[in-house]
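There's a structure below that I have some questions on.
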């Protein structure tokens, strides 16, 4: 804690350079990754690094808050939403707006240069470190300030948070405007419109794992979209196994044939069987 | 080592975040980039507070976090409701502002 | 002055407007009578003003009222009238009752289709399928009274800012009057007529707004100058004039010219001066003829009046600097308007262009900077108001009978409706300023006044006399004479109400044509004052005429010349 | 006495007001009221005349100042009358002939349901004309000047259902308006020169003004006179004016109104005398017109148009005389009066003929009418003799004097003018004889089934007789000891011209040309049979039938040109002036729609713009700090 002299120690320098690179890498990954999940994770990484930097800068309380609130709560909220929206819903990085990307890059670079230049020619020579500020302990110091000087702001943030919570509820919670239709009504409706009178067929052939994402096959072996839940269809997470199952069917017939007609054995046709499983494995 | 480097880092992160906001179409990712920018600001604040030797910077950073939290909550809620209605989290699809 | 006469004159019609608007939808006739009543009350008040006003009194303005309004910007509620204002207030108050009477049935809700289109103007906020939710009649008359109130107040205001406010506010009711009500004589389908109307209304509004905004800039500029030089900024016309006279206020040449142009532009749009005139034919063509009268006979007068009161008195040097250009422009207006009037196929547009030509005369007279010119211009404002009202209203009666504005659709009306034709002819003769009718005097004074300083311009302007005869007589010949057109065969002659409208106007034209002295006595001192402010003198005749034996009364002439010379 | 002057004007004015505003209830009595008031005015005139004769020549001028009309600054116009010998002459002529024609019209307009209005207009005309000759300043004169113009407009176009009549009326008014322009400019010039335009002061001060200004004034006055008196180049309206009822042609377009120009010039003598150039212009116009009118008169087959041509030419004589200055004024007025008598008589005769021939005006369809309408024949014949200047009749005295005066101008000018006048006399004799022969002599060229010529009623013949008497004796009466000249002298300042040729010679010459003219006419129309349909005729004849193409010129140049001009202007107003405004509006719209493209609606492009803005801000702050 006393290590926070005005000029930082060389150890801190090392730490800075290493973690700084990590942070930048994380940031870059955040905007580069195709899948939201990966972006979220790399962002979390960056945040943790930042938490460390806070600590290094003598903002112990903030460092902890950073870890708990950001990396803990907010990023998890992100992940949660990502799950809700679709883990694998990767948006193509192909740009749709004409010239947007170049504009963005150019502006970004220019802006960065501006900022850095600004910092550069700003007279930031004096370092009276946090030594005496943190003398009574960082948290106490913050508390003293928050509850004296910034008390109003603090109160207002409280109000803000409550409002935010309420707003989130209002936005996400969908009001049911009309009476829920009973099972009878629904069945009647089904009959009336004539399509799909029966309940939807269940998914999953060859249930070797939780196969809600594998559509059931129609007699001709083609997959039936109806069998998977709309959400999955929406996300395009339906796994089509029709081709594979057909292949396996063929292999089965092959083998039975072999067992029956042993005399007419053709060595050339010896091992086609595992072909299918292999390709499945590749899948 | 000179804490000014923290500022440079912050600037860099901020820029990257901004670029991300401009480039990505997935609303969630856009939000993450915004978070990134906020964090960059926080880093700058913290550094400044260290330079000037008083805690106000940290206080501001603290408030920023709170605000960020609130913003994320509401923002994500919006994203979810939009996704519900139009089955997409792409910011380009929500272009109703166009004349 | 104990009783605020001027305020009352403006307030009465305003109250009338509100009261008329408040009349329930079913009681249409009641609304009309109420409006008429209030307009007559205003007329009587105006008469009181005319009586109370003493032409000989010292000081430019009389019956003044002054109250602080916006202290921070030195804006005051200052009212006061000079002879010119009195004459024009009288004119306004006089015309409005006739306008109301003439428009008695113009705003009656008509068969639904026409109703929808007649409310198809910009003021349809209500949903289209509720015929009586909108109350055309009440609205029509209320708007007319509102216009009257604002016009009167802008004639009375001696505070530039106050004047500006009403000068602009006038546009709102006018906009609705033009866009909301039309004679059902478009010839083309009602929908298209409605479209035309709103086009005309928008054009009217845009033109005048542009002018007004430029003027606003100039007003603010004026305030800034006064604030800078007098310490406390002021908008008060007498104060500024007095300050300039005493040398306390000296505008830089450039500044003064800019400010002058700012003011003049607005007034030139309002009193359509070529090439800013194109809104007038549309507006007058599409609006009902009473509204057209309101535009050309009342509202536009504010423009010319303001040139006389504000442009000249606030910026004398700039005025004389701009005079040549303005004279040429007004000359163009005269000839151009007349020529276009000759070329029109639409009765109302023809009258509109004739008005443009006449406004050319008025502005010519104002900027001729001679007592004849300006006195004539002032008389011209009054007389043109009356004569155009007569002509336009009769034309309106004609149009409402036949349901068409096209000259070609008429012919031989004289045979079936002699009284209508006669009154129309008298109106026309007044428009071509036949001697013996009021407009002749004003036109001749303007010509003399111009000629005595700018002979060439004066001579060219006299061309207007011939052209005026041309368009009036062509109009009369094509509509009234010749074989009777089949459509007009059953046309009824003027009804009593219409006679009540026209007869007094014609009588007035004749009276003022024979005995304009009351008017001239009213106007002359004001004109002299203006001229003294502008610091211009009438050019003296080259040959001095001494009182000749046998012509004792000519001594008077000589004496006045001595006075002129002494000045 | 003075106060009676206003009465002169008031009587017919009241009549006009009564008849025009009176409405149907006056339909039966209207014409009597009108005529009565005209006669009343005449009576007042006679009283004033008698009174005037009672006074010495110098104290005859009367003034009546009613009220100050337009006082603005130095500009003083009064409603004031001045009755001197000149005005008196006109007043008598106007009211006298006017009354007669009122009476005549009672019969002539009997079958017209709008007779009341007709008499209203006639009264209006009388009032305006009297105002014109009684005014004591040019502005008031101008009022009368335009007033008679209005009256003539109304009366020419009285049968408005005829498009030709309406057009003729419009044309007359417009051409007159051109002349009026001249008058108003003249008044302006006077005001700027003298600071007043009342007769007295102006004439008193005319001497001090520069000759250039006086010449200018004279020329514009001449323009005015040309318009009103149908002199070249503004003569074109008079022929068409014959569309009006015949009494109108007699009163307005022969006897009184068209002579207003002569009055104007004579009245302004003080100015013209000091502006010789203007005078030259006047005589030239007069000479040209007297030939022009005469030639036109020769070619017309429409009896009224022929008479109109002769009117034009006779007024040409007057203008010529008036242009000669003091040596001519008196004779101009004298010829004016005598002409008033015989031309009115001729027109009334023509009207009577038309009345009997149910409004047929083509002389080629007349012939041998003397047996059917003797009174008309006699009166017309007397008028005829008077106009051709048959010795002893009115025309002889007045015209002869004018010709003398023309020679008396001296120099080549004198010879030219005199020659023109003589030639005019010859042609006059020719065409009047032609009219006479074609109408009353030869054998009938009309279809007895269709036409039943008959003598007109007393109410019409009596005025004709009176006028015939006047046209016989007036001239002689006037020239008894130069009575007329001395009567006018105080106003028009008479001077004896020194003619290079003696009066006797001139008279003889006149007689000779007269005989020649009559002879030729008799050879052409008296001896030979007159074809019922006009022969193609020589080039000159055809031109003359079309008013020497002057009308066509007007039509092509003014009417067509004007139409094109207005049409182009209307187009330009829409496309150019209005287009400029709408153009700017359209430009604005286009610009905004361009700018609208920026609003893609994509959040990210907005974000780009925001970032750009932020960058700019940062840069700005940095630069600020840098500076």
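Letters A, B, C and D mark the chains as written, and numbering starts fresh at 1 in each.
By our rule, contacts are C-beta pairs under 8 Å (C-beta built on N, C-alpha and C of every residue); 3 or more make two chains touch, one makes a residue touch a chain.
Everything numeric in this text was worked out from a predicted model, so none of it was measured.
Trainee: Expressed in steps between touching chains, what is the minimal separation of subunit A and subunit D?
Mentor: Each step joins two touching chains, and the minimum needed here is 1.
Trainee: Walk from subunit A over to subunit C along touching chains and report the minimum step count.
Mentor: Step count on the best path from subunit A to subunit C: 2.
Trainee: Which chain pair shares more contacting C-beta pairs: C-D, or B-D?
Mentor: Top pair by contacting C-beta pairs is C-D.
Trainee: Which integer distance in Å separates the CA centroid of subunit C from that of subunit D?
Mentor: Chain centroid spacing, subunit C to subunit D, equals 37 Å.
Trainee: So how far apart, in whole Å, are subunit B and subunit D when each is placed at the average of its C-alpha atoms?
Mentor: 97
Trainee: What is the distance, in whole Å, between the centres of subunit B and subunit C, each centre taken as the mean of its C-alpha atoms?
Mentor: Centre separation, subunit B to subunit C: 65 Å.
Trainee: Using CA atom averages as chain centres, what separation in Å is found between subunit A and subunit B?
Mentor: Subunit A and subunit B have C-alpha centres separated by 17 Å.
Trainee: Give me the residue numbers in subunit A that touch at least two other chains, ranges are fine.
Mentor: 97, 100, 103-104, 107-108, 111, 115
Trainee: Which positions in subunit C are in touch with at least two other chains?
Mentor: In subunit C, no residue touches at least two other chains, as defined above.
Trainee: Where in subunit B do residues touch two or more other chains at once?
Mentor: Where subunit B meets two or more other chains at a single residue, that happens at 18, 22-23, 25, 92.
Trainee: Check the chains against each other and report every pair that touches.
Mentor: The set of touching chain pairs is A-B, A-D, B-D, C-D.
Trainee: So in the complex, which bits of subunit D are touching subunit C?
Mentor: Touching subunit C: residues 20, 61, 63, 65, 67-76, 78-80, 136, 139, 142-143, 145-147, 150, 153, 157, 160-161, 163, 165-167, 169-170, 173-174, 177-178, 180-181, 184-185, 187-189, 191-196, 198, 200-202, 204-205, 208-210, 213, 562, 565-567, 569-570, 573, 577-578, 580-581, 585 of subunit D.
Trainee: In their shared complex, at which residues does subunit A touch subunit B?
Mentor: The touching residues are 4, 7-10, 12-13, 16, 20, 23-24, 27-28, 30-31, 36, 39-40, 43, 46-47, 50, 53-54, 57-59, 61-62, 65-66, 69-70, 73-74, 77-78, 81-82, 84-85, 89, 91, 93, 95-97, 100-101, 103-105, 107-109, 111-112, 115-116, 119, 124, 126-134, 138, 141-142, 145-146, 149-150, 153-154, 157, 160-161, 163-165, 167-169, 171-172, 174, 234.
Trainee: Which residues of subunit A touch subunit D in the complex?
Mentor: 97, 100, 103-104, 107-108, 110-111, 114-115, 117-118, 121
Trainee: Help me check something: in the complex, which residues belonging to subunit D touch subunit B?
Mentor: So the residues of subunit D in touch with subunit B come to 596, 599-604, 607-608, 611.
Trainee: Going by the contact rule at the top, pick out the subunit C residues touching subunit D in the complex.
Mentor: 206-207, 274-275, 277-278, 336, 339-340, 342-344, 370-372, 375-376, 412, 414-415, 422, 429, 434-436, 440-441, 444-445, 447-448, 451-452, 455, 458-459, 462-463, 465-466, 469-470, 473-474, 477, 480-484, 514-517, 520-521, 524, 527-528, 538-548, 550-551, 553-554, 556-557, 560-561, 564
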